[in-house]
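Each of the next two complexes has subunit A plus one more chain, namely subunit B in the first and subunit C in the second.
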Partner chain A sequence: MQFVNLFLIRMIQTILVIWVVVSIVFVISRLIGNPETSLLPFDATNEDYERIREKLGLNEPLIVQYGIFLGDAVQGNLGYSYHRTGAALTIVADKVLGTVKLTAAGLIVALGLGLPLGVLAALRRGSPLDWLARLIAVFGQATPSFWLGLMLIFFLATKVSWFPTAGAEGFRSLVLPAFALGLLSAAGFMRLTRSGMIDVLSTDFIRTARAKGLNERTVIMRHGLRHALIPVMTILGIELGRLIAGSVIIEVVFSWPGIGRLMIESILQSDYPTVQAGLVVIAASITFGNLIVDMTYRVIDPRIRMAAL
Partner chain B sequence: MSVSASTQAEVAAANTESRRRWQVSQRRRRYLLVAPPMLVMVAFIVLGIFADVIAPGDPGDTNLLSRLEPPVFSGGTSEFPLGTDHVGRDIWTRVVHGARVSLIVVAIVVPGAALFGTVIGMFAGWRGGIVGQLLMRYVDVQLALPAILFAVLLGAVLGASLRNVILILLVWTWTVYARLIRAEVLSLKEREFVLASLAAGGSNWWIMRKQLLPNVFNTIVVIMTLEIPIVIVAEASLSFLGVGAPVEQATWGRMITEARNYLTHAWWVMWMPGLALMLVALSGNLVGDWLRDLLDPRLRNLG
Partner chain C sequence: MSTRNYWKRMSHNRLSRRTLLRASARAGVGATGLALVGCGDDDDDQQAVVEAQPQQQQEQEQPAQQMQQQQQQQQAMQQEQAEQQAEQQAMQQEQQEQQAEQGTVQAIEREEAEQDEQAAEPEVDLDATVRVAIGRYTAGLDPQRSGSQTNYVNGACTFDAGMSNHPETAALEPNLVQLQEIVDPTNVIFHVTPGVMFHNGTPYTAHDLEFNFERVSSAADYHQGGETSDHPNEWASARQAFGTDNFASYSVIDDQTFAVETPVPNASLAGSIMSGAVRHVSKEYVIENGDAHVDGVFAVGTGPFRFLESDPDVGAKWTRNEDYHKARDGLTNPRLAWFKDFEVQIRPEPLAQIAGIEAGEIDAVYNLPTDVAEPYRDNPNFKVLYQPSSQPSHYIMFNTHDSVAEVDGVPNPFLDIRVREAANLAINRQEIIDGLLTGTEGPAFGPYRGTIGYPGEALESRYHGYDPDRAKALLAEAGYPDGLDIDLHIVTDFQPIVPIMALPVQEYLEAVGIRTTIKEYLSSEYFRTVRTFELPGMFWFFTNTIAEPETVIGSGVTESGFYAVSVYPETEIEELYQAQNQALDPGERARLLEELYVTFYDNYSWLFLTEVSSATITSANVNWPVGSAELRGEGTLSAIQKLRDA
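On to the complex of A and B.
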């Protein structure tokens, strides 16, 4: 029952977020921008402008435009792309898989690098390994992801051609973008796991576990890690959002076919319907990702009360 | 056999003494560690302010006869200490003037966002009400969405100018202050000294100015420092994506974008602005971390 409530509340939140997104894009594109100027050539006549304004419904009062626009949006019609053929939502949907792949790979890098390094650094405090982990964390946190991507391309794709410089053909082309995307989050996960692990190792129940003769591996993995992971779980949702947001610039750097690159191209072409559809999909997936994280979080740590929404 | 009370006291004193000494040495070590990044930040500020003196040439001057000249330490001439790019512009001049653009953006965006975010955060925390709730919901939504997309959208619609970049980054970053300051004010609100002032008839304005502001001041300073590298990287990202400062202005982000095509045969074109950006971002982070530990360790898990 609690889960159902939580789910409903989050669904309402998601809808609200999408409404805000759609409205922001509406305001930006209709009030500040002129869709028609980007559609017509420089030497277009006034009649051309009039015709296209009529066709796009831009002659109605703004509030009527907004009403029509929201009505269409509710029915899942986010308009047709100005520059590509087809419904904006379909064009975006075609690119979803690319972004999902990249984000998932980024998350795997982030967790696969962050958690083990964090645990090892906590177990061997002050050792060279600890220093290395902290160095990685500092660099990962400070290096702009697009610059990291370009450095990876420079060293691993042009100096030695271990990986392709761009594109999305096969597993090898996913390695560099996933790493460039995941390192920032890996740094965050590492820091949290390290400090969580250090805290937990000095608690009584770890001493008890050791005293009753459990081997060190069980103590660390079963008793220690489980507690150290709770703070990691709390930021998992935020990090997922960050990864999705970060994938935009990484897709541009690596010419990866995903929503991010589509969006940047569409924005620069003033293709507002596509931009809108893309933002709605991204906003929905971020809030939905948060919902899933929230649910799992409550399964892992039942102490979280539902009141703490 | 029992240890006498005086010995115990001595041991305790020695313990505190050694711990104190350890803390002092620890602090000294941190000063040493933070010195190099501090120097980088100072160099960045000096380069930005005195760009015209340090690199008097025009960053946009092209010279097609000396395209893609290597830097002086890689077989080039001292005429172009860091080499030239694909249209023969001097990279040293451009990197220095790029520092100026970054500095201008930081100098306006960071205090501006801090001021706006603090005002909103204080209001939402102290008075709350429906307006406060709505403001915070908006902050939640904005913090949950990929800011870069909205920034690029705004940039494309508004057109490329330094003023627009500053505007976009202000909109992008004020929410961080608002959320944290609100949380601080919410907890300060319940503290005795604030309740006492309220009971003694202190006006809202007086309490905010004399009691809340001094107590959140450290937090504001810490966030501002941590935001410096974030704003620099954000500006570079916008330029990298082609919606930053206009073409005639040399920015690190745009230099990096333009250099991508020459990656294989003229590495310096990309590496010079890239290294500058990375160095400043890294140093800004380290200085920010240090200041946070010094002033407000509670903010450690800010992420």
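On to the complex of A and C.
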């Protein structure tokens, strides 16, 4: 029951976060440009401007526009795109799968690289492997993802033609963007796993496990890693948000059809409804992602579950 | 085997054969000489020569044999003559052999040159698929959306314009309709080109022409779509770009003939209403399916390609319209395409576009910033081509409107021609061209691009040049010995070069005393701000690539123009503008236009800056030929040639 209550409280917090984000976007997008100027040609008359402002409801005071927007939003209507055909939310929803694929692949790269490297580095502390792992971590955290993306295209797509340079056709086209997206998070996971493992391996219960005669593999995987992963789980939600945000640039670099690319295009065209719908979806993804991580965290760590109670 | 290796090997073969021929010719000459010497009497003579010296020694020792000695001397002389003859014969033979050798070598070289020539012009692959990358391709298949900047590629591939432009002169040429027939100064007739068919098999008639005029000018009856097709922007754009505001009346005379009446003679009518700003749809198809269908589902036109499918995030596909009404080897684009299938891939990042070429996924990318293309200039895998950008001629307009008669309580400085002249003399255009641009551009002279016939000699001889001392003197003479402070308004997101070029321009101006504060705008704000004519200062602007002069001078030069920030009622500019627009004789119009341009330039009406180029990159096996007045872009896609095994 306590758990359900906690879930409900977090749900309300999540909805509040989305509302705040959307409200900020609503105000900022109206401060940075007028959509009618991007919709109309250079030689449009003042009458054309007035007509389109009237049609788009832009002549209303900002607070009225905001009220209309919120009223429509709670009914799932985030308006119609100014430049594309159809409802903004539908257009964004069509791109969700692309971004989910990319983000998931990026997460797999991040965990697939970060965790094993972190464990190995901790087990062979001070060895060349440890140095290498830490070097990779520094490189990953210091390298902008768009630059890494361009380098990957240059070397692995144009020079050796192992992967396509762009697009979203098949598994091969996912590899480079996933790697470019996931390397930064992989570095974070690696460092956390390494430090967590080093801490855990020097604790009494690990010593006890070894004294009991358990083999080293069981000691590390069952007792050591399980505890070392708790801080990793803590930042998983944050990294998920970072991956979704990072996908905006990666989608542009790799011509990957997703929400990020749609957002960039819509911002350039002052397509408010699509920008707002995209941000609602992104904000919801990140906050719900965090919510799920938070809940999972409590499930896997009895101490936190008990603390919450 | 790669082509390069093939030709390298052939080159080696050519040298070997040549060497072999020369060697065998020389061997032949030698052998012939030996044969001549060794045959008949000459053979004995030669032996005698060889033995002569001992015999002569004996004759000196035996004077009684003097007669015999003389005979022997005669014989020796005869032998010598015979040897000379033999040598001459041998030389002649050698010459003949050499001539024969040269003839043979020349023949071989001719043959190889022909082969080279054939190899230099590899066969065009008529069944090829050409893939082009572009940065953005938004939804909307209706060509009137295309006319409003959203989807140029579909507009130019699937649809056609009323007329096209000659690739060298930019003069109007027939396309869907023939050149206008002037009945009287205010009545013109357009004859529809016979045999033009829409992709759905229906013929293009004067009724379609009328339908398209009506659809863009008062489209209410035809807008059957809901929220998907009634964006007012498309229709507003099309109406004005189409020039239908100039109509007094129009009517269909028969299936092939359409008549237009204008309130006053209008020299730019055909160039406006038949331009590529609006592409023609099928009346039958639109009425049957509705605008929403045309916009969102399938596009049917008369263009050089039949539309297949599109996804605004991925790209679009077309296939060649085999029944296209214009020949493949004609001069004017569009034409029956040189390749079969056409794909557009959406790649927002220019470097990813170029990477696509290197990886063989893309054949061409156009309208790139020149600095992006610079590293690929000497790469044999690419062809880098420069041409005027989509905003080819840059200038700064001085706000001289009545609304800014005063700036900060003093008279507007730009109302004084000396200040405008000083601003023009302050800029070292060549340094900008060499240091910032590609070095191939020239100075700007007015509201047009240089590749369509301007500037002529009359303008070039008036070039303002760079003279900062004279600029300072002019400012002092105008009452600004300490210079002046003014705003320079620029748009930052329209052409990347603008904010970059604004900095040296600012420095040049400051060097003569015109201290500017750069005010930056996004295009969504800028163009509307410009049109208010209320802000004092200078406004960065540029011309377009459309050949019809009216499209720029009608909006930027004439006093009623949308963007005519610089107006000079005291000059003859307005009078000349009106006169050229009513001059139906092309020669007379050209003369008046030149007078207008010269007057405008001599008046220092704008701060004329420079031309700006854009780059096209293609893979090495792609030809994209265009005329001097044409630009590589949507309108010339059908001219792309993809070569076999290049």
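Assume the second predicted complex is superposed on the first by the 302 of 309 C-alpha atoms of A that agree within 3 Å, B and C clash if a C-alpha of one lies under 4 Å from a C-alpha of the other, contacts with A are read in each partner's own complex, and residues count from 1 in each chain.
Note that contacts are C-beta pairs under 8 Å (C-beta built on N, C-alpha and C of every residue); 3 or more make two chains touch, one makes a residue touch a chain.
Treat the numbers as computed from the prediction; the structure is a model and nothing was measured.
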Put subunit B and subunit C onto subunit A via the superposition and say whether they clash or fit. clash
On the A-aligned overlay, A:Val22 touches which partner chain: subunit B = first, subunit C = second, or both, or neither? neither
Determine, under the contact definition given at the top, whether A:Thr85 touches first (subunit B), second (subunit C), both, or neither. second
Taking the superposition as given, does A:Ile250 touch the first partner, subunit B, the second, subunit C, both, or neither? neither
Just to be sure I read the superposition right, which of the two partners does A:Leu174 touch: subunit B = first, subunit C = second, or both, or neither? neither
Based on the superposed arrangement, let me know which partner A:Ala283 touches: subunit B (first), subunit C (second), both, or neither? first
Of the partners subunit B and subunit C, which touch A:Arg261 in the superposed model: first, second, both, neither? second
Touching A:Trp147, do we find subunit B (first), subunit C (second), both, or neither? first
Quick one: is A:Lys95 in contact with subunit B, with subunit C, with both, or with neither? Answer first, second, both or neither. second
Once chain A of both complexes is superposed, is A:Ser270 in touch with subunit B (first), subunit C (second), both, or neither? both
Pick out the stretch of subunit B that clashes with subunit C after the overlay, from 20-28, 56-64, 164-172 or 290-298. 56-64
Subunit A residues where the subunit B and subunit C footprints coincide 32-33, 150, 153-154, 158, 252, 264, 268, 270
Listed in rising order, subunit A residues that touch subunit B in their complex are 16-17, 20-21, 24-25, 28-29, 32-33, 138-139, 141-144, 146-147, 150-151, 153-154, 158, 188, 192, 231, 235, 238, 241, 244-245, 248-249, 252, 260, 263-264, 267-268, 270, 275, 278-279, 282-283, 286-287, 290
Under the stated contact criterion, what part of subunit B meets subunit A in this complex? 137-138, 141, 144-150, 152-154, 156-158, 229, 233, 236-237, 240-243, 256, 260, 263-264, 267, 270-271, 274, 277-278, 281-282, 284-286, 301, 303
Can you check the complex and tell me which residues of subunit C touch subunit A? 136, 138-140, 148-150, 227-228, 231-233, 236-237, 240-241, 295-296, 311-314, 345-349, 351-352, 355-356, 358-361, 493, 522-525, 527-528, 555, 562-563
Any idea which subunit A residues touch subunit C in the complex? 32-45, 48-49, 51-52, 55, 80, 82-86, 95, 98, 150, 153-154, 157-158, 161, 164-168, 252-255, 257, 261-262, 264-265, 268-270
